């Protein structure tokens, strides 16, 4: 019996809970699909990876659909990856999420999942624009919301995949022309092939340690 | 024994649940205070009127603090008056509330209150600007959100004080210079003396019928 | 000699100066093309109708490109139709135009055109959403900016085609289901076939009187 | 005769052209007043420093009032310090300035001043929030607009006081608690005593070299 199996000897069900990036992640070539391939190649049969992303979702959308889309599916682990739209919709619709409300709903989601004995893993939002010198319009705000998630991870002792930092580091090393898209994303937000592979690898590094 | 008393023979506790307008409403000269005076003058001792307004609140703020600030206080009736900031914060902070989320949270609040056998009375947002020819910046959006509340009242068979319509009618009749403030409000949003009296009277007309 | 010809006996050159609606207006089936057809059918050869619309333009875009795109083309008449993006971009990009600056640039355009002896005709913005009960999100603001243009027309004694009022009236009479698009527009903003014909007819009523 | 005097042997008139920061800069304790004191103490009588700042101004406000407030005053040098509101008003009013229009108006101002043989000195916007880790909401956008100004300075060969970089460096070295205000500003934007002195010194370093 593998150490990765849960106490019931079954594969552990992991739900990726997020926005359009996660919605695309469950499709062919997406980061969830790639992670499945990775695990298959490494002969790790113990995970059942499930996408639960919906385009345009913000933290309170996750909150509102959590019971039906997540808890009712009885996952062992939930990976929460949200925040891009909470920031982006401020300028595109005027309906972004206040920083303090973002934190309240984020913590409320964690609380309800943990009350059901579901393990939670946090992920910071990656990028809105790939420029590596902090000159993408939302860089300041995205840093701020990432910091909120890092603080929650720290004070709640939860595993964190800090994609915001990892993407920035990658851009510094691999985006010499300071392009605003085309390195890890198609359009500055949604992952291209390289981006999906990068996310699959980085998320797995953290996910495999979740016990 | 008055017909207005609840089944336990006590005064009925009414919580006014809202934003800064309701926060001010509980202070001296505010609409809740004026309603108390009105009831005292009319020898109606059967209501305990309580303000629960917090400045800047949007519908999801009410949702987040409902358990503590409302349900834990065991009211008989809750008057929900919210929506101005859900619209206004779109342009002042970029953090207004999407129309569909506004409705979801609004209905979620009602559902939880009703599950505790609390009566609910709805109120549409009054004004952001007092011009009477639909040329205040947020008039279109405020109409839209008021319509959402009217629809909820209708399909949930709930009592409604449609202040949005009542204010508009008042402005048409009493604001010949088409001023954007100073008729029922100090600043286009917050009630002046006339506005507080007007709201006290209009709300009472509906509230007294809530059984 | 036709009364419609200018003092030099040539066709009068009319430039339609605007945004994406005017850009589309110069294409096949667009309102400018339809107006040309109308004039041809009525044997009115005296006008040379030219489109100068660029998608996304706001009043200050017109200002910035006026010398090159309009004055350098030596028109006899300029029809200014702008304002939708000045309002709309507030919520879609955060870069709408303040009302007082809208007026300043609008008047500055008129002043420079008149200094070149060019006749100016004004047009109010039509719609952002076709609902007829003032519940489209930007209705309040669009009313306000239309009023600014009406005031300019009045105090500068300039011909005005008040499409904002005309569209509203049309919607009240022809949009019984209160749809937000599909009556005069494709998407709430850009004209469909009926809309292009309506605009061609309404603009011509005013244009033909410009001497 | 001092080398600092202009060809006519008079003091050189310097107009500081900007927003509320410059409006306050001309008052007691403001950066312009402090610069005057500095020059007086160093026995440099050759400059006539004049404030022309108006609260809330964006680049196109400067453009609109340039003839009256600047050119009509016959300055020898104009210091342009603008940009904070072009970025900030995106989220506070929905009426910020598009990046490409910001550049167009900025260059149009320079062109008209140079056409009058007025020397121009450029200044990048300082801060909106003093956090030093690029987590102030507008940091990304402010970096972007500062870069536009740096590019203009470079390709037009104009003197530049890069306050955006200088403030960041100062914050890194002097804001160990990563406070969002209180180091160089009162409120994250408007200068406190230390900030006014810092700006006076840094601007003078560049201004004294303008020939």
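By letter and in written order, the chains are A, B, C and D; residue numbering begins at 1 in each of them.
Basically, a residue touches a chain if its C-beta (ideal position, glycine included) is under 8 Å from a C-beta of that chain, and two chains touch if they have at least 3 such contacts.
Just so we're clear, the structure is a prediction, and the values are computed from it rather than from any experiment.
Please tell me whether the contact surfaces of subunit A and subunit D are same or different in residue numbering, using the over-half criterion.
same
Select, from A-C and A-B, the pair of chains that is joined by more C-beta pairs in contact.
When the contacts at A-C and A-B are counted, A-B has more.
Just how far, in Å, is the C-alpha centre of subunit C from the one of subunit A?
47
From the mean C-alpha coordinate of subunit A to that of subunit B, what's the distance rounded to whole Å?
39
Subunit A: which residues touch two or more other chains?
Residues 90-91, 93-94 of subunit A each touch two or more of the other chains.
Please give the residue numbers of subunit D that touch subunit B in the complex, ascending.
90-94
Mind listing the subunit A positions that touch subunit B in their complex?
My answer: residues 60-61, 64, 89-91, 93-98, 101, 104-105, 108.
State the interface residues of subunit D toward subunit A in the complex, per the touch definition above.
90-91, 94, 129, 133-144, 147
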